[in-house]
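Several structures are given next for inspection.
Two complexes, one shared chain (chain A), two partners (chain B, chain C).
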Partner chain A sequence: MAQSAQPVKKRKIKGDGAWGYAFIAVALIVYALFTAYPVFSAFIISFQEYKPLGSTYIGFDNYTATFKDDLFWKSIKNTLVYTVLTVPVALLLSFLVAIMILPLRKKLQTVFKAVYYLPVVASGVALSLVWLWIFDPMPGGIFNQFIGWFGAHNQNWLGSSATAMFSLVIMAWLSSHGASIIIYLAALLGIDDSYYEAADLDGASFLQKLWHIVIPSLKPTTLFLLVTAIIGSFQVFQNAYLMTGGGPDHATTMVGLLIFDNAFKYFEFGKAAAQSLILALIIALVSLFQFKFLGKDVDY
Partner chain B sequence: MSLYNNHTGSRAGKTARNTVIVVLLLLFALATLFPIYFMVISSFGDPVEAGAVSYSIWPGKFTLDSYSFFFNYSEYSYRWILNSTIVAGAVTITNVFFATLAGYAFSKLRFRGRGVLFSILLAAMMIPYQVTQVPLYILIVNTFHIENTYSALILPGLVTVYNVFLAKQFMSSIPTEIMESAKVEGCSQLQIFFRIIMPLSKTVMAVIAILTFMESWNTFFWPFLVTNTMDMQTIQVGLKNFRFANTTYFSPDDGGRDDLGGADVHPVLQPAEVLPRGRHRRRGQGLIWAGERKGLGGWRCRRAAKLRTSGAGLRRQIRLWR
Partner chain C sequence: MMNKGKALSLMLAATLSVSALTACGGNNNKNGAASPAASGSAAASGSADSGAKDTITALLPPVSPTYQDNFDQMEKDFNAKYPNLTLKIEPASWEDMTQKLDTQVNAGSPPDIAFIGSDGISKYVQQGMALDLTDVATPEMTGDYDATPLEYMKNGTGLYGFPAYMEVHALGGNKEFLEAAGIDWKNVQKNGWTYDVFRDAIKKGVVKNGEATSRYGFVFATAGVASKDYLGIMAKSAGMPAAFNKDLKYAYTSKNYLELLTDLRQMIDDGSMPKELSSVDAGKRWNMFLTGQTMITGKGLATFENSAKKNNAKIDAKDGSAVKDSIKVDYIVLPVPTFAGAEPVSSTVVDGYVAFRGKKEPTAEHKANIAKAAYFLSSGKVAATTNNDLFAAHITKSGREAAASMTIDRNPDNVAAVETMLSHAAPARPDIPADLGAKAIKIENEVIVPKMQALLAGEIKPQDMYDAVKKAAIDAFGQDGIVQD
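Now for the complex of A and B:
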């Protein structure tokens, strides 16, 4: 029975081609106007010195200027540091939480899923405002009170170049794992019980089951989360912009923020476009690399 | 049998294990929820308290002063919430409708270039938004001259590729036979869409609606770029006026920290929570059949659809398809 279902499902309705085009028309127009054209336009702008009335073609100047710009390399470095510090920890935390939620009763599972999802629902701007209070440099600031219990001196968290990046990292650690926890949990529930049964018969321990069944089974999920998290992390803008504005001394200037500054603070649209295309290229390469080397034995 | 040994070992051991787990989960939840908790309790404290030298993490007193502070803060406080509602509402409606429409065409209709067009759409999901932001801004401001209008806020988000993709994935699981038989009974494509596809796709439409509304309500960057007067700002941009690292853009003079309230943060949280999240659960095959039984209706194909979906013979056939 299952075999006969395959060819049937693949079938599509014929003879309604015109309707097909009509149905996708709006999506295509919006896409062409607000995505395809801007991407195309970004290429052109990146070779120009942009002026509202007639831009001038300057060849690769925007690119060479970018590669000579120390700030650009610093922002790349900052972005990498931020990504390396936040993404693995976020994935590990989500995985551990999902594993711990798994054995609980259905009701309790739902409660925890909701609790962990809540920060995702909350507005990023509002949360940034709260984190500003938490990182208040005064001794009365919440984080300073907290480390005070352990006898540490209070820090100027966001105001000093030594701790500003670390503060943003802490903020990322303690927020919005909700989506990945839920995805991990769904994948965990999808693992066939027969694997565990076989493992139980062989007398496998909890950790052995975790290592030999769960982690391999979750590899596609982990790959997906890793790729999307890294892409997201490379584009990070809002927290840095709202919390530190890129400072102090550009210690938290990420690539996303640098592009924004170039575009909408200094109105160097050409340079911003060139940098954004470089960023897109880096993201594409990193994603490709991950699929190639981590996705070897992943089935889709 | 599962990852955890639920059947072996003592009952007490299992209870102890789960207790430890719950305690650990609660501790981590406490850490992640602390900012939200702090936001809520300080919103009920005195307006000055949150900006004072010392922060108390325990709720001291209960007052709604901060909320009235927010609404008195600027004459546009209500306007920001209204703007956000208009923009997020419009974007949600158009996304649900057009994404479903396009998803149906991409999954079930046959037309030239379908595969190529869909791959082109998908390719867009890999492009970081930084690439499009500058040209998009130029397009809206210098070409269309619609900055600072609702059009500028709504149009670029009219329908997103991600939602089309979601809809297409979901609709691939609807048996094509239902549409074919509807066609045989004389339904036009529009009727098929409105009478069969939409009722069967309520789940994915709910998911699209929730995600889009949340996303649009919480978005900061685009409204921040294209609005330049307080009366057109959305709540997220409006919030920025209160206190941030660089309030150089359109910042009011009285935005100093001493008169900063806590309540301003909280209204932003609510509407996204109000939407029915439970609908997430209604995913999957079972729903298709439930929706099919009661969702179809209307006119010429109503009778046909009824015959198709309530007949025991067809049920058997459907079971075969699965």
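Now for the complex of A and C:
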């Protein structure tokens, strides 16, 4: 008893330690307001029939309705297909472009980095207008003219189930690699020259250097880009919303678009919140899987 | 002692935090002259005695080309008429209007008035956020409007705003091409046409250049924001003027619906419409019309005559801003054909100024002030100017009077054709309960629109689509809740 009655020693926060807390407070407040609170709020709303003038608690109804909804599963399937088709190719393209930019002079490198990064900062709506023009279904459309040179008939790119998803995938393949290219370039520049010198002395070819030096050295970067790209791909919304609206016949309805529709078209915020949390759980599981099986021999 | 570097850093960090907080709560302006989002609750909580100062907020899109340029004058004119009242207008683009309003509504702090389509009223009524003006709309106000458009602003027994205009959804023809195809367009304007007559006419409008089609008989926008238009407009003249019949049974399970779907597909199979129709959006089909790639376009609104005339003037003036490769077009208003032997019923769009409430119940005085502002915006000089700008028919006595002194260059045949169509406009259906309406909207978005895209793309048959709609309707309304003929 006597021992437990001893006064607890207070830790004093002073000096640079206090300053540290003061500065992280900014990020913490922003995080609490714009991430933690909305997530907590979404969790509460997912158990409610949301109405601005007073919501009703309905237990797990929103979750049950979601699991019974064929459209939800179709949207999950579409999102998975989109992710599988876009992420690996996008990473490969970013890697190849970074490899091609690397040997260039610094000024030329900067030019290419800026060019490839431009779509990232450009308005998605403006870009989608350009893509709508490219995918014009009439014979005068850019892609239709292109395939016409090879004798193919014009395609209804965004209006046919056979080509709508593929059209969105092409969009992803040909745009928004800027961030990945810059990250890969930074990682490539971080590889010690001594590895290449040793390989040169051993008479290694370009491909051998690529396989034995570059790819292993870039594994942490690749894992990071893979995880973030898959998260981004699962949350894809804008392209489907602006280009196809999810059609035709829900061929391009992604889960992000479905959540948006439930919230803002039908005002079913409870169902939308439940679907958001299920999506978050799926993303967390996929990310966990990647770290567990792909990140085994990755050192940071 | 705090060194200068740390002090400066802390100040910047604090500023960043405060900025973030300000972004969250910036709408709660205490002076009452805040953005629409703020005033609903602010005004609602105010105890406004008769003649007390009050602010009415309105979220308004660019209703006509010059509409938003007149906002300052509209605010001044309103204040001159009601010196104790302030009209605070927040402009919005058409693109973000719905999202902006829906976000504010769901946060419980909408504007007092928003300009929306009357078909959107039911969802806000269902949420309890639309404000019933029945008890504050004076007989002088309601008596000023034509009866039909005013009915569109009702849901159940409630009146939720005032209409700005009532436009008819028509088709638009190129006079030269119509005459070249031997179509007596004046007769069609007066007496309408059946699907069979229309089908033959658009076949005659097709021009082939080898295997390729250089001009189609008919192109209707079906993609993007126009995705609901085509079927919705045609269904009116196929014996289904609304999603529910008078017995409140879901109508799109009728045999007429299947016949309509078959006819719509047939026009593509005939080659009179492009096989890529499912990707043709509103901008594309207007471009096709102005560049001579189609004889008839849809949907057509009266204002398109104005757009065509402006482009003609640019071509005459060799103005580079004329639509690329466009030709001069005499725009002819044409009615939608009738299907399945049904009577013609014109699809109309009634947009107007809808009233909203915040989380707190507004005072009677504030409600009355909202009615005054909605009436001011939808009648008299404001309505006359806006509707003339749109080539839209006037629907208030005060608007007609104010417009009498304004000149407008319209084809008299088109004016008469619009009046004919308005004479058999689809009646308003305030009797459809909000929950039924919401279910019908969900079927439209989740089944009809996606299946229609597939039908137009040739991926499913009309029967497949009909079956899918019927299944969804039975799931939503039960066997007894649908039309079975």
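We take it that the second predicted complex is superposed on the first by the 267 of 300 C-alpha atoms of A that agree within 3 Å, B and C clash if a C-alpha of one lies under 4 Å from a C-alpha of the other, contacts with A are read in each partner's own complex, and residues count from 1 in each chain.
Everything below uses one rule, namely that contacts are C-beta pairs under 8 Å (C-beta built on N, C-alpha and C of every residue); 3 or more make two chains touch, one makes a residue touch a chain.
All figures in this text were calculated on a predicted structure; none of them were measured in a lab.
Contact with chain B, but none with chain C, is seen for A:Thr35 once the two complexes are overlaid on the shared chain. Of the two partner chains placed by superposition, A:Pro88 touches none, neither chain B nor chain C. Taking chain B and chain C in turn and counting the residues of chain A each one touches, the greater count comes from B. Contacts of A:Ser160 after superposition on the shared chain: chain C is touched, whereas chain B is not. By the touch criterion stated above, A:Ile45 is placed in contact with chain B alone, chain C being left untouched. In the superposed pair of complexes, A:Asp261 makes contact with chain C only, with no contact to chain B. Contacts of A:Ala122 after superposition on the shared chain: chain B is touched, whereas chain C is not.
Touch criterion not met for A:Pro216: it reaches neither chain B nor chain C.
Legend: residue contacts after superposition of the two complexes on their common chain; A:Gly190 is shown touching neither chain B nor chain C. By the touch criterion defined above, A:Leu279 lies against chain B but remains apart from chain C after alignment on the C-alpha atoms of chain A. Within chain A, the residues touched by chain B in the first complex and by chain C in the second are 19, 23, 26, 30, 33-34, 50, 52, 136, 138, 158, 245, 247, 264, 269.
Residue ranges of chain B in contact with chain A, taken from their complex: 1-6, 17-18, 21-22, 24-25, 28-29, 31-36, 38-39, 42, 50, 52-55, 57, 98-99, 101-102, 104-106, 108-112, 114, 117, 120-121, 124, 126-139, 142, 155-156, 158-159, 161, 164, 172, 175-177, 179-180, 183, 189-190, 193, 214, 217-218, 220-221, 225, 235-236, 239-240, 242-246, 264-266, 268-269, 272-273, 277, 320-322. For chain A in complex with chain C, the residues that touch the partner chain are 19, 22-23, 25-26, 29-30, 33-34, 50-53, 71, 135-139, 154, 156-162, 245-250, 253, 261, 264-267, 269. Within the complex formed with chain A, the residues of chain C that make contact are 6, 9-10, 13-14, 16-17, 20-21, 24, 98-99, 102, 105-108, 123, 126-129, 212, 223-224, 227, 274-280, 284, 359, 438, 441-442, 445-446, 449-451, 453-454, 456-457, 459-460.
Chain contact summary for the complex, chain A toward chain B: residues 1, 4-5, 8-9, 11-21, 23-24, 26-28, 30-31, 33-39, 41-42, 45, 50, 52, 93, 97, 99-104, 108, 112, 114-116, 118-119, 121-134, 136, 138, 140-142, 145, 158, 174-175, 177, 188, 191, 193, 196-197, 200, 206, 209-210, 213-214, 231, 234-235, 237-238, 241-245, 247, 255-256, 259-260, 263-264, 269, 272-273, 275-277, 279-280, 283-284, 287.
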